[in-house]
Structure formats: structure tokens, C-alpha cells
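Here's a structure for you.
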Amino acid sequence: MPEIPAIDELTVTLAHYLVVSGLVFGIGIVVALAKRNAIAVLMGVELMLNAVNLTLLAFSRFSSAFAEGDEPLSGHAFVVFVLTVAAAEAAIALALAVLVYRRQETVDLDRVNLLRW
Amino acid sequence: MTTSAEPFVLNIGPQHPSTHGVFRLRVVMDGEIIRDLDMIVGYLHRSMEKLAEERTYTQNIPFTDRADYLAAMTGNLGLAIAVERMTGVEAPDRAEYLRVIFAELQRIASHAMANGTLISDAGAWQTPLLYMFREREKILDLFEMTCGARLTTNYMRIGGVSFEPPAEFWPALQELMDEMPERTDEYASLLLDNEIFLARTRNVGIITPEDAINGSLSGPALRGSGVPWDLRKAEPYCVYDRFDFDVPVGTVGDVYDRFMVRMEEVKQSVRIIKQAVEQIPPGPHKNDIPLALRPEPGEIYSRVESPRGEIGFYLVSDGTPAPYRFHLRSPALINLTLLRELGVGSSLPDAVVTLGSIDIVLGEIDR
Amino acid sequence: MSEQPMRRPATPMLQQIEDRPGVREMLLGVPVPFKVFGAVFGLVGALVMAFIGYLVVDGRLEGEWYDVRDLGLAVQSLREWLTDQGVDHRITWIITGSIGGIGIMSVLGGWLLIGSWVERRVLAKFQIRMGPNRTGPFGLLQPIADAVKLMSKEIVIPFGADRFLYYIPPVLIFVPAMLGWAPIPWAPNMNYLDIDVGVLYVIAISSIGVLAVFLAGWSSNNHYSLLGAMRTVAMMVSYEIPISLALLSVVLLTGSMNLGEIVAWQGHYHVWVIFLIPFAAFAFLFASTAEINRTPNDIGEAESEIVAGFYTEYSGMKAGLFMGVELGHAILVGAVMSTFFLGGYTFFGLEEWVPGYLILATKIGAVYFLFVWLRGTLPRFRLDQLMGFAWKFLIPLGIIQAFIVAIEASVFARSDAPALITLGAFGVVNLAITVVLVRFWADRLGYSPAQHRTVPTLVSDGTLGGLKAAQKIRAT
Amino acid sequence: MARGPRQLTGTVVAQALGAALPGVVTASNDEWVEVAPDRVEDALRWLHDSDQFDAAQLSNLTAVDRYDRFEVVYHLQSLDLNHQIALKAIVTDHEDPVLPSAYPVYKGALLQEREVFDLMGIRFANHPDLRRILLWEGFPGHPLRKDWMGMVGGHTSGLRGFPFENKEAPDRIMNAGNLVEHGESLSAQTRRNVEGAQPGQGH
Amino acid sequence: MDSTGIVIGFWVLSGLSVVSALLVLLARNLLHSLVFLVVTFLSMAGLFITLSADFIAVAQILIYAGSISVLMVFAVMLTPLASRDNGNSIYLLPGLLGGLGIAALVGFVAVDTDWDERTGEGLAATDFPGTVNAIGDLLLGRYVLAFEIASVLLLFALLGAIVLVHDRPRSGTAASEGGDD
């Protein structure tokens, strides 16, 4: 069989993952800051959390040379916690969005400038 | 969900599986809850009452077929009796018995259709409907044997009925009547032990007896609310006073009661037919009446008990061959009086089932 | 007056049933070449089966690539052989992966064709109809005719639809229905995706379908679609929890999230999980009918209320894809149900003799038949009733059941008693607890059978009347 | 002429109604009671509430166009006492007929009055939802009126004579031979009918 | 897992996730951006698989693509039609600046650091055979306190969401509004 030109030489390293994660995190920040709609802001936050998850998992995978006694899978456990927090945060934030809409008839964050509900 | 979303308008119909014809409900929905309901009918309007003013009384009988096309026999019968009362023509005894037999057969067929579609509305995928169509088919076969038509029978005439049933009719009728109790028991066991069916129909679409009477309801819709009122008993026409039968009434007035009243009426109809077959005398099936049927000037309001309720004919004669005014009191239309009160505040599935339990026929509503 | 002509009952339906030839007549009517072919085919088949039986008894099939009981062995052998030939490992992966994928896809496609025929015929039998019987023998070609018709239909896009989102759902909804098949074990070595998180995978994959349904409903610009979509989404979200709880019980008991190991556990102890945790099996079955929109829980496409629900505005093959996916989901649920609760490819030792995939296919067919049966029999729940059933009934009882199973699992792991006794005791205990809990909970929720099923009062001559008579009747 | 089997004599009702509400009854005869159009609601309410008549249900509501006036006919019935009462209100304004609605007393009038409004053009004051029901909004005129615009050329509705009526043989009967004889074409039968022969003879 | 697959998978999936994340930002319709968000989540799950984190990948699909997106769907459907655009606020410029800055910072750190020195031999690092059991051990072992706290947090989030959205009786609302005035 003929040898297929190997893509193997294009290895993927930790840096690749970190760059991707940084890009997604940056986009998440833009979405979270620049969107008027409360739900869109929440989407941005979720993007940022996802980027963080990716970082954690990447470090976890490329971390075999860490010190003795360190669990390589700690990153996975952290991600589980992040997922939990994300779920809780999404529930609360969406409840807040609905509440804001009900009180203020809008979810436009530029208009929700009144602290007194 | 308690959080109210934006109310939106939903057009149920004119083409919709559960409107039983070209009937339109314009519904303002708030999520699953109906906030406002408006019914729009008239898609099948043929101005029958205007057309009737151009036709003789006999020529008008086919129109009553087309009005309530699921119970053509009772429509025929109502007009025939009204004209007979107006002109003093009498039908022979055998014809009266034949009228009773066919009217009751039509009641069984119509109730089978009504209950079958009601269960289809509740979501059973057509199975009970097709089971009930089995009996309806046999009844329509009997109609076809007798008068050549299955749906628009044009059978009852002024002064009798149009045909004597053929010889094969009687054994076939006997066979059908013998198996009917078994069939009704089968439906009862299939449906009344079904928790889902009970959950969908109990305490849904409740009509109180006060509302039912004040809202001019009639037929199973009235009896389902517990009002024991049946024109066959209260104002016996034909020879209904010679038969022994009971009037079923519901207790709560919900969809289930209307369903059950219809099921029980089928049994009572079987009873009536059996008695009629035993008692039927020999003789002519129609009297000779003058062709030039000119009732004296005057008017009459005459009604009979159709499967849907009180089908009344208000006829005004001015002495000419055609009625001066011909009004058909449509039980299906008037039974819809309370639809809005029933529908508003209920959920969409409940409203659909309630509409099914009122048993509308658009031919009669729109006329 | 002359004699009336004789008329016979002219109901096409009854006439057809009367005129229909019996099985005997049909067999006698088969042309001779077909008879000969059938006889030869049957004979050869019997011989082949006998030969396979001999091989099995002789033990020659064990682990060989021609072991028809487990096609996975053949694929493994093929991979090893290719590797031995020096083929690049990527090519090997592609070849063996394609074989498995094509196998699953063709099985699924065949099921879709046969399933729609079966559904229509069986439903017709339930409804004293004939069902499709014109296209091909017994109407077997009807699904193909349907597909051709659907594909040749005009593409209609509703006015005001969100075109971008309108085209995605028919395809997107097919993805979970296909991917869900990957971890199902068809025989000990015959699963496409052998992952440790198989249970989670199944749940996760099934949750993607929600989005497709919602997008279909939302993008159609139709209120029926939107209502259907919101109903379906609400129901899917609610019923994922009972499904997860039911599967959690199974995982606790069998101690693995790998589907193959769960089946092997059931095969090892010669017991099906449905006998051990009947409540979980019921909860899974009920919740999955809600999840895949089938009667009695098909409120997302309740035709008597919201026409066709979320796919009201789809026509032609796009609607056909939705309908096909509905069927495919039913089969997939049958497979998952068989794997988790009905012993998968095992049948109390019969899997030694009969290929496991045939056993699994039979079980899938049985569950599918159950779905068709339900569809032919039951009316539909209301949305609030369904929601209440999930949140007030299935979820609390599911949690309690999971707790009990957890205790049992730890007992099972620690005890030295024979598995037959322990598991038998678990089965009896769980059944008893289920019965008690269900009765107790139903009482708490206010259900009592006695208040249902009233019969109308029969009124005879004397008491007719209006309101006063009604009050009199009510008083008695 | 004919009353329904359970219909009360109009004069009896008129006496009681006139005694209770003076000036309501304008005329009465064997069949119906005629009430003043502006006091229809009072009359209905009294009949509905009275123990003697107990008119609990509005069985039927319709209208008749008499060219110069409209007769609105109410058929009330008591379910408990099992009798029927016919009430008429005559609206003399043929151009713009207005009548108080029966809806405050009988909910059953809701759709029936809408129908009368639609087809006859009688407006019912106080009706909660008076719209057309069978015809669409914008339909020209009210078709059950005798002078509806559809009747062009001054043609009035009604039928002057029977299609095959033979003035020379007025005793001819219609039901006896209306079966088409075997072998006899429909046109032959029609011809025979028109010639006035006695069908049913000779076969 | 096959290294070639990982390389192809990484490039495809990372491209997909970054592009769809960008489309979340750029889509005009809120629901469109929601769809792209789901695509991002799914491709992230794919990236997790390339990192040999199968449990986390499945959990990501289950929680993000299955649940959080549906929650957002509900939130979108509960808000009026008019506010379903995806418009930008006055903070667009600061947001862009901040986002670009952080992306650049992370990118610089990622590229500039000599990770091989810190992580050993890079790609050939750890191929976890099965992560489920190990994660379970960790969660109920070393991190059991955090695990319990997270579960309590979830419970409180549940209760909080219910309390927030729960409709008070009509009279109560009227009274509170009156008090505000």
C-alpha cells in the first residue's frame, strides 16, 4: 500500500487549544458586553465558560509531567463543577430575564437602568 | 405556565381535522389557554330557507336531507309531520311504524358517528370511530335497500313513506338488532375502562342544567346536563307513545355525560326498533294525498327529536303551493350558543373535545 | 305493483372482507414455479440451519470469523488480516468503520420501510380495515410508493418562514435518530461504538432532537407549528428526567454505563432488568412515548388539535423525513428498551444457538408492535395531565426507586448468597414496593377509580320535565 | 288553524299577560299572542318568571317578512309543565326594524337573533354581539326579505301553481304512482302525468 | 485514539467553533445566534473528545446543547417578538477592545510559552483509557466538599429560579405596586 502523505507532522499541541480557547473567550466577552438583549449576554457568558472548560481539559490532557500526587483528571473534575455552575447560572439568569421582562416589559439591558423594581 | 406570553390568534378551521366540516373557530390563545373564542360559520350556507319559498312542500323534503346530512331521516320526518299537521293529511299506521324504525336507525347511525368522532377528537387514532362506522355501514345498507340512497334518503313523504322495505330488509334488521347490545357492550368495555378517555372527558366542558335550559340546548346536550326532556316522550309524534323506552340523563353535564347519554340512547333505540318490528301492522305504506297540496293560510311550528336535538319547522302558508316562510330550527346551531362560555378559559384540547361532544353538523348549522 | 329487484348489501368494506381468499386458497393459488422455488429454498434453509447447529454443537464456531452468531468477530478478523497485509491503519479504520456504519444504516433503512408497512397493516387490522394491499404482494411496496410520491412533490415554503432555519430541522432531527444506534450491542462483539458512557450518550443524543423540533415549529411561521413545538419541547424537557432516573436505576444495579456490559450482566445472571425493576421499565416506556411523540402522548402533533404540530407547514419529502424519523425513533426506543430492560441480544441461553442480532431484532419488533398497539387503542393525554404525570408521579417515584435500587446494588455487591436468590428477592421487593408506592401516590394525588364511570340515569315516563325534574333526579 | 300538540291557546296567555303587564298585549288569537314591540323583553321576562307559564326555554326565534312589516315569532316552552307559547312582535318599520333583544332573558337567543339579523335585517337592541352569522360582512342586503335585491325585475318569491297541475282533473293524486314503471321511460311518465291520465291504472 | 483523527478533528472542530462563535456575535436574529451557539457547544464537545475527555464531552452535549439551549429557547419565547433582535449596545467598542485584548493576551501567552518544557512530550501525553471511574473517584474522594457545595448550589438555583418567576397572587401584586407609588 502506498504511504499516504502524513498529516502526522501537523501535530496539535497545548498551544493550539489555548489559542482556540482564547479566541472563543474573546468573542464571548464581546457578546457579553456588546449585546443589548439580556439573553444574548447570557450566551456570551456561556461561551466564556466553554472556553474555560476547553482550557482546563487541555491542561488536564497535556499535564502528565506534573508533580507526583497531582491527579491528571482534576481538570475534568473542575469542568464538572463549571458545568454545574453554568447550569445554575443559566437557570437563575433566565429567571431574572423573564422577571425583568415582566416588570419592565423589555429585556433590553440599556433600558433596564432602574434599580428600583 | 403561569407566565403569560403574548396572546396570539389561532384560526382553527375552516379546514381542520376536528371541526367536523367547514367550521371555523377564531381563538385568542394565551399559551395553551383560550382567552377568547369566536365561531365563524356559514361556509356551507345555501340559503335553504329562501330556496324553499320557491318550491312545493314535497319538493322541500330533499332539502332537509342536505341540512342534517347525518340524520336525513329525522329531517325528512320533521318536515313531513309539520306539513301533515298543517294540512290534516294523515299517514297510515304502517307508515308511522316504518317512520319510527327508520328514524331510530338514523339515530343509532348518527350517534355512532358523533361518539366515534368525539373519541377521535380526544386523540384515539380513529379506532373507535371505525368500529362505530361498522354499525353505521350496516344501517346505511338498510337504507340503501329500502330507498336506494344511503345518506340523502328523501324517504319520508307527506302522508307516509316513499317505499315499502324489501323482503330482505327484515331479516337484516333483525340480525343487526340482535348484535347491537353486544356491540354497545364492547364499546363500553373498550372505552369506559380506559383511564385516559375518562381523564379527558370527566369534568370537562360542564354545562349546568340552568344554563342548558336557558341557552335553548336540546337533545343529548340538554339531557347530558341532567334535564330529562325528550320530545318523543313529551310530545309524542308518530306512534312513539306506543313504545316502552327510557330517557337517559347525565349527572354532571360534562363531555363524558353527553357521550354516555348517546351510548344509552343507542340502546333505547334498539329497544324501540325491536318493539316496532313486533307491532308493525300490515297495510299501505302511504296515503294518497292531493298533488296540489295547498295548505290554508296560517302557520305552524312543529318539532321532532333529531339525534342532535329539537329540529323544528316553522312553516307559514299563504295558500299557494309553496310555503310563504320556511324556517328550520337548527339544533346544532343553537346548541353552540354556550360554546364561547365553555371554551374561554379552558385549554385547547378541552375545547376541541367539548366541541366534539356537542356534535355539530355543518349542513344543518349553515343550511 | 311489480316486485322490487333484489339488492344485496353493497358495503365495499364488508364485501371485500367476505370475498377475501383465506390462507389456504392463497397458498393453493401460488404458481407452480414459485412453489418449487419455495420448497427448494425452505429445504436448503433447513439444511443450512442444521449444519450451523452441528457446528455450534461441535464447538467449531467459537471465536472463528465465520461465526454467524456474532458478525463483530468477522470485522475484527478482517481488521487483523488487513493489518497483517501491511495496510495503512487509517485505511483499515475507514474500511471496518464503513462496514459497521453501512450495516447499521441498511438495517435502519430496512426497518423504516418494513416498519411503516407493518404499522399501517397492523393498525388496519386493529381498525377492521384492510390496510394498504394494492401495491405489490400484500401491499409490501406501499412504503416505496409513498416515498416516491413524497419525493416527487413540489417544495412549498410558507410565506414569512425563516428560510435559513426552515431547511435545517428535517435533517437535524434525523441525526440523533441515526447516532443513537451507535452504542447498541447486537451481539457480544457487535457494537459500533463501544464507549464507557453509553448511557449518557443515549440520553445526550436524544436531547439534541428537542432543538430540531423547536426550530421546525418556530421557523414555519405558523401558530399550530409553534404550539406543537412548544408542547414538544416542554414535554421532552420534562420527560428526560424520568428517563434518566429509570436508566440510573439500571446503571446502579448492573454497575456499568457501558451498554454491552449491561446486556452481558443480564445474560450472565439470566434475568432481565424489567423483572428486577418493573417501575423503571414502565417509566422508561411511558416517558419515551412522550419523548418520541407517539400515542398516548403525541400531544406535539395532535392532529385533532394542532393539525400536525411542529411539522404542519412541511410538505413533500421534508414532511416524509419527519414521519420517517418518528418511526425511526420508535425503533430506536425499542432497541434501547430491549438493551436496558429486556436482555438485549440474550434470551436465556438461546443466544448460543440463534444469532444475537436476530434476537435483538425480534425484541425491537415486539416493542414496536407495542407502540403500534398503543396507537391503535389509546386516546391522547392533555398537556397539563402529561406534565403533572411526569413531575408529580414519575419523578418522585423514580427517585425513590433509584434509592432503593442503590441499596439493593450495594447489598448485591457485598452478599455471598447465590445471585438467583438475591436477585429474585430484589425483583419481588421492587414489585411490591412499586405496587404499594403507586397505589399510595395515586391516592395522594386524588385518584380513585370509583368516581369514574358513572352510568346515565334512565328516566321513564312520569318524571319528564325541566329544571325541577332535573333537581329531583339529582336529589335521588 | 293548527296549533302544535302542546301549544297553549293564545287568548289564555294573553289574558294573564295583559293582567300582569297592562298594555303589553296588543292582540291575541287562538294560536299566538301579539305583544307591543318595545315591551317584548318585559313580556318574555314575565313569562319566564311566572309560575303559571314557566317559560324556561326559548325554543325558537324567527321572523317573517310581510312586505310592510316584520313579524318576529318567539316560541317559548316550559319543560316542567310541558307546554308551548307562541309570541309575536310586529315591527312596522320595514326600512330599519329594531326590536329589543331577548338575550337578557334567554341566552338561547344569542345565535338565533344573529341569524334573524343576518337574513332578515332586524336589529336587536342590547344584543351583545350582533353580527352576521351565516353570510359574510358586506353581503348586500338581507336575503330572506321578500324584496331582497336579488329578485330583479320585480319578481317576488313564491310559487303560483304546481308544475304538473291539471286544472281539469283536480282530484289527481300524487303519491300512488310515482314509481317509474319498469321499461317505462321517465319522459313517458312525465307526458302521462301532464296529460292528466290516472297513473297507477292498468299495471 | 488515532492521532490523525485528532489532528483533522482539531482543525475542523476548532474552525467550526470559532466561526460559529463569531456568528453568534454577528447574527441579526436572536434565534439564529442561539442556533450558532448550539453549534459552538457541539463542536466544543468534539474538541473535548479530541482531548480524550469522553465523559465531559457527553455531559457537555447533555447540559449545554440539550438543556441550557432549551432554557434559552424558553426565555426567548417568553419575551416579546419585538425584543428578539440581536442588536448591539453602546458598549460595543469597549467590548470589542476587551475581547480582542484578552484573545491577544491568551494567544500571546499560549504561543510564547514553551509548553513542551512544562508538559513533557506534548501530544503523546496522556491518553485516558476511560475517564468515568476516575472522575467518579475524584468527585466523591478528593473533591467531595466541592461536589456537595455544587449540589447545594444547584438546589438553591432551582429554588431561586422558582421563587423569582413564581406568580404572586393578583392582590399581592397590586398592593406592592401601590406601595411603590
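Going by the order they are written in, the chains are A, B, C, D and E; count residues from 1 in each one.
We take it that contacts are C-beta pairs under 8 Å (C-beta built on N, C-alpha and C of every residue); 3 or more make two chains touch, one makes a residue touch a chain.
Quick caveat: nothing in here was measured; it's all calculated off a predicted structure.
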### Summary
Per CA centroids, the chain at the heart of the structure shown is C
### Task
Determine which two chains are connected by the greatest number of contacting C-beta pairs.
A-E
### Query
Most remote chain relative to chain A, going by C-alpha centroids?
D
#### Entry: CA centroid of chain B to CA centroid of chain D, Å
22
### Query
Where the centres are mean C-alpha positions, what is the separation of chain A from chain D, in Å?
77
### Query
Where the centres are mean C-alpha positions, what is the separation of chain D from chain E, in Å?
73
### Query
Whole-Å distance, chain C centre to chain E centre, using C-alpha means?
33
### Query
Residues of chain E that touch two or more other chains: which are they?
4, 55, 59, 67, 74, 77-78, 80, 131, 165
### Message
Where in chain A do residues touch two or more of the other chains?
### Response
98
### Residue list for chain C, restricted to those that touch at least two other chains
90, 230, 464-467, 469
#### Entry: Parts of chain E lying in touch with chain C, wherever the complex brings them together
2, 4-5, 29, 31-32, 35, 38, 54-55, 58-59, 61-62, 65-67, 69-70, 73-74, 77, 130-133
### Message
So in the complex, the part of chain B that touches chain D is made up of which residues?
### Response
41-42, 45, 47, 49-50, 53-56, 58, 85-86, 157, 159-160, 162, 211, 213-217, 227, 229, 234-235, 237, 286-293, 296-303, 310, 312, 314, 316, 318, 320-322, 324-325, 327, 329, 333-334, 336-338, 366-367
### Message
Going by the contact rule set out above, which residues of chain C touch chain E in the complex?
### Response
89-90, 93, 162, 164-165, 168, 195-197, 200-201, 203-205, 207-208, 210-211, 214-215, 218, 230, 233, 236-237, 240, 257
### Residues of chain C defined as touching chain B within the complex
4, 6-11, 13-14, 123, 126-129, 223-224, 227, 230-231, 234, 295-296, 298-299, 302-307, 375-385, 452-461, 463-467, 469-471, 473-474
#### Entry: Interfacial residue positions of chain B with respect to chain C in the complex
1, 8-10, 16-18, 29, 31-32, 119-127, 130-131, 134, 137-138, 140-141, 144-145, 163-164, 166-168, 172, 192-200, 202, 209-210, 213, 223, 225-230, 233-234, 246-252, 256-257, 260-261, 264, 347-350, 352
